[in-house]
Amino acid sequence: MLQQLFFGYYAFTIIILSLLVVTRRNPVHSVMWMLLLFFHIAGLYLFLNAEFIAAIQVIVYAGAILVLFLFVVLLLNLKEEISLKQFVGSWPAGLFVTGLLFVSVVSVLGSYIQGPIGKYSIAAVRSETHTKALGKLLYTEYLFPFEIASLILLVAVIGAIVLAKRKLRS
Amino acid sequence: MPLIMPDLKPVMPEIVMTVIAIGMLLAELVIKRKETIGFLTIIGAGIAAFTLAGSMGTTFGGMYVSDGYSTFFKLIFLVNLILTILMSSRYLETLKINFGEYYSLILFATLGMMLMASAADIIVLYLGLELMALSTYILAGFIRYDIKSNEAAMKYLLLGAFASAILLYGTSMIYGLTGTTNLRDIAVYIAKAELASNPVLMLSMIFFAVAFSFKIAAVPFHMWAPDAYEGAPTPITAFMSVGPKAAGFAVLGRVFLTAFGSVRMDWAAIFIPIAILTMAVGNIVALSQTNIKRMLAYSSIAHAGYMLLGVIAGTPDGLASMLNYMFIYAFMNIGAFAIIIMLRTETFKGEDIADYQGLSKTHPMAAALMLIFMFSLTGIPPMAGFMGKFYLFMSAINAGYTWLVIVAVLFSAISAYFYLRIVMLMYMKEPKETVQLNSSPGVALALVVTVGAVLFIGILPSKFLLFARLAASAF
Amino acid sequence: MVPLNWYLILSAAVFMIGMFGFLTRKNVIIMFMSVELMLNAVNISLVSFSHYLQDMRGHILVFFIITVAAAEAAIGLAIILALFRNKQTAHVDEMNEMKG
Amino acid sequence: MMTSYALIPLLPLAAFVINILLGRKLLKENAHWVSIAAVAGSWVVAVMALFDVLSGAKINYDVYTWMLSGGFKVSVGFLIDQLTVVMLIVVTTCSMLIHIYSVGYMHGDPGYYRFFSYLSLFTFSMLMLVMANNFLQLYFGWEGVGLCSYFLIGYYFDKKSASDAGKKAFIVNRFGDFGFGIGIFIIFLTFGNVYYEPVFSQAGNFANASINFLGFDVHLMTLIALLLFCGSVGKSAQMPLHVWLPDAMEGPTPVSALIHAATMVTAGVFLVARCSPIFSLSETALMVVALTGAITSLFAATIGLVQNDLKRIIAYSTVSQLGYMFLACGVGAYTAGVFHLYTHAFFKALLFLCAGSVMHAMGGELNIQKMGNLKKYMPVTYITMLIASFSISGFPFLAGFFSKDEILWMAYSGGSPVGKFVWAIGTLVAFLTAFYSFRLIFLTFHGSFRGTHDQEHHLHESPKSMTVPLMLLCVGAVAAGWVGIPALIGEQIGVHNYIAEFMKPVLGHPEGHGTHGEELGIMIFSTLVGLSGIGLAYFMYILRPELPGRIAQQFSAVHRVLFNKYYVDEFYDFIIIRPTIWIAKNVLIGVTDARIIEAIVNGVPNAIAAFSSGLRRVQTGLMQHYATIMATGILLIVAMMLLR
Amino acid sequence: MEQTMNNALGFPILSMLICWPLVGAAFLLFISRTNEKAIKMVSLLISVATFLLSILLFSHFDKSTHLMQFVERYEWIPYLNMHYHLGLDGISVLFVLLATLVTVLSVLISWESVKMKTKEFFICLLVLESAMIGVFCSLDFMLFYLFWEAMLIPMYLLIGVWGGPNRVYAAVKFFLYTLVGSVLMLVGIIVLYFYAGRSFNILELMTKAYPYKMQLMLFWAFFAAFAVKVPMFPVHTWLPDAHTEAPTAGSVILAAVLIKMGAYGFLRFSLPLLPDASREMAPVMLALSVIAIIYGGIICLAQTDLKRLIAYSSVSHMGFVTLGIFALNTQGVEGGILQMLNHGIVTGALFLSVGIIYERTHTRVIADYGGVASVMPIYASLFIVFTFASIGLPATNGFVGEFLILLGGFKASQWAGVLSASGIIIGAGYMLWLYQRVFFMETSQKVAGLQDITTRELMTLLPMVILIFWIGIYPNTYLSFMHPSVQHLLERVNGGSAPAVAVNAITQILR
């Protein structure tokens, strides 16, 4: 019961916060709501025994990505921003389509059959701690993707520099 | 847990590519002449191509597979890479965006594609896709001072991210259903648990289809393509029109034929309307374009539609015909872009279709080459484009999709109209103003290679067909 | 015990809200944030699947998704910056140099 | 021996080739020598052939295979029998004389060589026509003479009327050939052959056969006969395809004489005579032939009454006389028809040549109202033309008398109601013929000269090269008929009806059902009718010259109809030419091609282009819209997959 | 079943015929574009050489067999079982000759009239020649299709670059019309390929039996390609535009060879491959042919443009050809083939002639002419030969062809025979009217003082005149090529019930 309650709270808050994020006229507000949203999601992860994920959710998302967003948002002319409408003219179409999609996805989810149960039972993970279990996997079984991810980050670095640096020598 | 050294042979080309990419990044610090970097890149790509030969095998716990199929695609990627680099250096100079990062980014993008082609696990697939996509986003926005380039990158990135999200949503569903992300395991589990008619599986399949359709620019998920193609630097447009599309097809083929092989009729039913729409919209909208890059963007959309026929057929022949077409398409499309690049000077954009008016008078050779590429894209023998289409149609008919082929041939007849318009302008109109050709040895070499390939494959396609067929059967 | 479907519905809801934002917001940054929202929705479902299937793969994937999201954000925001330099706007409806 | 027959057509052909190739640069004024030599050679061989045939030979051989396809085989080959020989003599003789005449007539013409090469070509084609041993070669000659007729009518091609007339002649003839051609198809399908011999010998086997033709069951032989007759109607200018012949007078006069009087136009009669084995098997066909001939002869004669153009009067007279020949064939008297053909060749050629002589003197003037009293200036022409006119009017013991009498008697004595009817018409026509022939003579040669002073000053007799042929033909016009003196008279003077006997093996000879008395009565009656025609003409044009004008005023409506040739040309123009061109312009080009086919051909691309511009607008450049469309796409696919 | 014969000549003559013009075109690439004289001479030499080479076919052809001769067969794409497979039989051999001859004449006629981009022009012409020869020689369906489509490119350029004022429209129309038709045929070919067990070998395909329904579908797919090319009635509208706008050489090749390919296609593919459908659909085809004959003829009566008139007359004449082919009897088919040849010669000659005068007056409007016969007598006399050949006067080739066709057509269907025979009346009407308006009557201003034709021009027309009379007077030279092949074809179409006896009898008579 407590779990349901807990979930209910998180779910409710996450949805409300999501809505706030996408509907606020002032981008700064949106970013702020999003920050709160990320914390809630991190909470949910904890609730699902994914401590490490919860941590990077906070660190990477809330800490890095959102700050980046905030920086850029602050470049904007907020005054003008607030005076304008936040939605494009075709927003009812967007609402309609996403609404219907939601309905169809949810209706389909009813026929979900759970997949095979794996070896990482909650107990097993707990005994090893989540971070360690994940780390082990990352450096053994998932070494290859991990390496690719590093390249992605490298590309991101190059890209950010190439695109955003004021002067480049050529 | 002991750390076992994985078998690195299958990933040798990728390792070579990574080394070169990073090497180029460093080389840029010491080498001032950018042509040299380009040259080194080509050599590197050549080495990578050599290592392809002995790279067969599966590694990283079945996550990564190097087979004929992936090798064929990797060959296309490398050809694409080399040709793009050949065309790039002068163009970059002309536009004053001659940064060394360009080469490593293009290498990373190619690396991403290679990873995609070999990915046997959705995680690798996703990461490869993102590596390719992120690099391409940057490359699309490489003309930093140009608003169009910015806009192209922006649109490409945002819509790309949107598509990625959809892909991931699909992934999460298939993961939830099967508890795995390995394509082969997914297939095995679907068969075992009799999930074939499960709506969630269907939904996840749809999301995969949508995400890949986005990458190959199939209608209605093509909307980014014309804008991104138009705004991006022209060599990158050429690169994008072949590379990511081919990579998209690579994963599309692999995912749908491996993971969803047992529900072929279902996903064929998804792709048939998509293919028809793609051919229709691509060919029809191309008719009224005034910008040649944009026109080729629509043409590339249309070609994706034809290639989908091969996938829909779902037979080894179908796949082989798709591979073969992709290979041919790389040459003919890049060839056409090479001409466009030649027309670009500092002051003259040369992107308007009207700029081609009377080209045969001012530059007969360029016009003749363009003519060959245009007829090849139309699919008129003895150009390679015909052989490609022909094999595609053949395998689709063999798989029982005769009516679909009839639709396709009719649309391909429509496509003649806009390709011919270029030929018509070049040959049948008087030149408006004198167009300067911004030729360079690189572009010239690229043209020689492409036109040679287009004619050679057009007349003697036997070896290539066989190679494609082999690649498809070693799937 | 909370049924898995609840999580899935939550995830779907967040995904659709993100999509809605992407489809309708004028501001590029908010659109970007909407995409992040969608990714988070995927993450929620992945983590919950992982939890219920007692498998780590979902977590691994989430880990990579967050990584990629960060990289994507970096590049995206760099592009926005470049755009912003050339044209003082973050509104997509004023960003249609190319169309048709 | 056999090969020498081939010389008959080949000599003129060679002359044609030589003239057309060398004439313009080399031969020029000497072109006539080649042609005359060739036709003279042909004449000699033809006469030899005549003797061969008289001695009982019947020649039929193939030269080479012309076409071979499946079961269809046809050769170029020659059949020389009595009928052929008669035609050969007529053709070569007339041709030769007219060649000679032309030397004077065409003297100084810039296209001199051209004229002679056409004449040679014509002679060749005509000879191929009459010598053919199969239908297809007949058709070959048939079209060949049509071609030459086209060339020669349009000889003065810079004149619009001349080139119009040539074209008209060819096209009108094609209408006839259309039927002729289909006739040949049916002959081939029936007999598996297009050679005369097997066809005629087997025709009897099909006497009662019928065939389904275009959905109608028709008597086979009637069908074939009538289809072949279509060709005759065209070539011989019978109703309703007679319209080209009067116009054909645009050609030089020797041409009118040779082609449009003596030889080509009689090819139709020749065809009917040649196919008599087929025609004889069909009562209906014969009736049609007889009636067509009778009606045409009457019709043309009435028009001839009021015309003022010298050559046109003779042309209508030709049409009329051709009608006579068909009338004869139609009552089964093929011999009489051919006999008339033979005599007619002489007197009608003579008439034309005389007319040419008159024209020559008058400086090209053809309106007889502007002539008069020419006998004073051109006695030879006058006398010869007078004799020719007597001959055509059936003046006793001249050539025309015998042949015409033979026809009328055969028609009368044939015993059928149709025979009696056509006899009545024939007699009426004899009266009319005499009348207009002498109207012509009187207006032209008698009275006072009504032309300009200038013309009067230039009047002169024609040169020898022209008058000599006139005189030679005049002999023919007088004596040609003596080979066919009917038994009634022949018994008295001890001669046979040679021609009838001669032709009997080919054409047969129907026995009349009348008595000698009746025959004599008919003969006298028709002679009187002819003489009264002459008398009436004398009365109206010599004694009371003001009368014709008054009558014309009195019956102005009738006069106008006759003067305008019953408005047949106008009628054809109205029902065939105009509608066809109107349809071509306003329906086929205007509607079918432009509004239907082209509308689709251009409409589809235009629609696609319009659709394209429309579809372009979907690509607004707005990312949200792109995403919305993507999302819609997903939704649709989901709906499609889940709802199916 | 052995269906081919060994090459009677010791060398691959067909490949040489195909390659030689290509080699020439490649050679032209290396000649400076300013050296027009050399370009023209080289083109002429090459085309003449090709023609002379093709004469060997004429002399070495074995007329006693229907088997394919001069056969060459090499693997091309083994995986798809495609071969480079060439050969000729009695149906196709004459067209190769026609193509080589017409190319020579086209080179000659373009000597002066092509004033810009001379080099490209002759390259196009030579490439076109080799594609044309290829079409008639191919025994592999895909090879055929390859040449068939490849031909579009040079032709498109010929019309579009060197054509008249409205050339672009005409060129695009030509291209798209033909392409739409051809692609449907491609689908048909592939369907056939799979049904027949993966073979493109025409000879092999001919031995198979196909279900009727499939035959029907394929028949219409092939129809789309061939009928457009012929062109048959409802799809003929590209022809007037293409003919009118094309340069003289283009019109000549178009008329003489290109549109023959449609009819050839019916003969080579539709009839033997789809015998049942051909038989069943023959009435439809006959009806369309009759419509084309009459429709094309009548429409000529209202034309004001010289070339357009001749173009529509082609529609009418090709109506005769298809009529003959779908009469499905010996006379019809042989007549049809002969008439294809005839039409190539006559209409080719007419276009050559029109080109000659157009070069002098630069007008195609009939009303601008008049009295040409007075100023250009030699030209006028040659033209009248072509006119009458077109009308089908006996002793000219037109007669032989049309007569056989009408005979065959009449045999097959009385209505078709009778109605199409009316075409000969209409034909005489428009051709003579044309001749009158151009050559007769008073000399018009535009025409006054024109030079008569030059020796070079005479040389282009003379071969046509000779052929017109040759075929007209002794058609057996040409008909004898066809007998065994047509017989064989008809046996296939009519299920072996063709009257073989008659032919043997005739052959004996001949000997």
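Things worth noting here:
Note that the chains are named A, B, C, D and E in the order they appear, and that numbering of residues resets to 1 at the start of each chain.
Methods note: a residue touches a chain if its C-beta (ideal position, glycine included) is under 8 Å from a C-beta of that chain, and two chains touch if they have at least 3 such contacts.
Given the structure is predicted, the values throughout are model-derived calculations rather than measurements.
Any chain bridging chain A and chain D, meaning touching each of them, is among B, C; the list is complete.
Counting C-beta pairs in contact across A-B and across D-E shows that the higher total falls to D-E. The central chain here, found by comparing per-chain C-alpha centres with the mean of all protein C-alpha atoms, is E.
Most remote from chain A, judged by the distance between CA-atom centroids, is D.
The geometric centre of chain C is 96 Å away from that of chain D, both derived from CA atoms. Spacing of chain C relative to chain E, judged by their CA centroids, is 65 angstrom. The geometric centre of chain B is 78 Å away from that of chain D, both derived from CA atoms. Taking each chain's centre as the average of its CA atoms, chain B and chain E sit 43 Å apart. Shared interface positions of chain A, i.e. residues touching 2 or more other chains, are given as 88, 90, 93-94, 97-98, 101, 105, 108-109, 112, 114-118, 142, 145, 149, 152, 155-156, 159, 162-163. Looking at chain D, residues 605, 616, 619, 621-625, 627-628, 631-632, 634, 638, 642 sit in touch with two or more other chains.
Counting partners per residue, chain C has 4, 8, 15, 18-19, 22-26, 31-32, 49, 53, 55, 57, 60, 64, 68, 71-72, 75, 79-80, 82, 92-93, 95-100 as the residues that reach two or more other chains. Inter-chain contacts, as defined above, occur between A-B, A-C, A-D, B-C, B-D, B-E, C-D, D-E.
Listed in rising order, the residues of chain A touching chain C in the complex are 3-4, 7, 11, 14-15, 18-19, 21-23, 27, 30-31, 34, 37-38, 41, 44-45, 48-50, 52-53, 56-57, 60-61, 64-65, 68-69, 71-73, 75-77, 81, 84-88, 90-91, 93-95, 97-99, 101-102, 105-106, 109-110, 112, 114-122, 124-125, 130, 133-134, 137-138, 142, 145, 149, 152-153, 155-157, 159-160, 162-164. Touching chain B in their complex are the following residues of chain A: 105, 108-109, 111-118, 136, 139-145, 148-149, 151-152, 154-156, 158-159, 161-163, 168, 170. Looking at the complex, you find that chain E touches chain B at residues 75-80, 117, 120, 142, 145-147, 149-150, 152-153, 156-157, 160-161, 167-168, 171-172, 175-176, 179-180, 183-184, 186-187, 190-191, 193-194. Within the complex, the chain B residues that touch chain D are 154-155, 158-159, 162-163, 166, 199, 202-203, 206-207, 209-210, 214, 219-221, 223-224, 226-227, 266, 269-270, 273-274, 281, 284-289, 414, 417.
Only residues 122-123, 126-127, 130, 134, 137-138, 141, 144-148, 150-155, 157-158, 161-162, 164-165, 168-169, 171-173, 175-176, 179-181, 226-227, 230-231, 289, 294 of chain B touch chain C when the two sit together in their complex.
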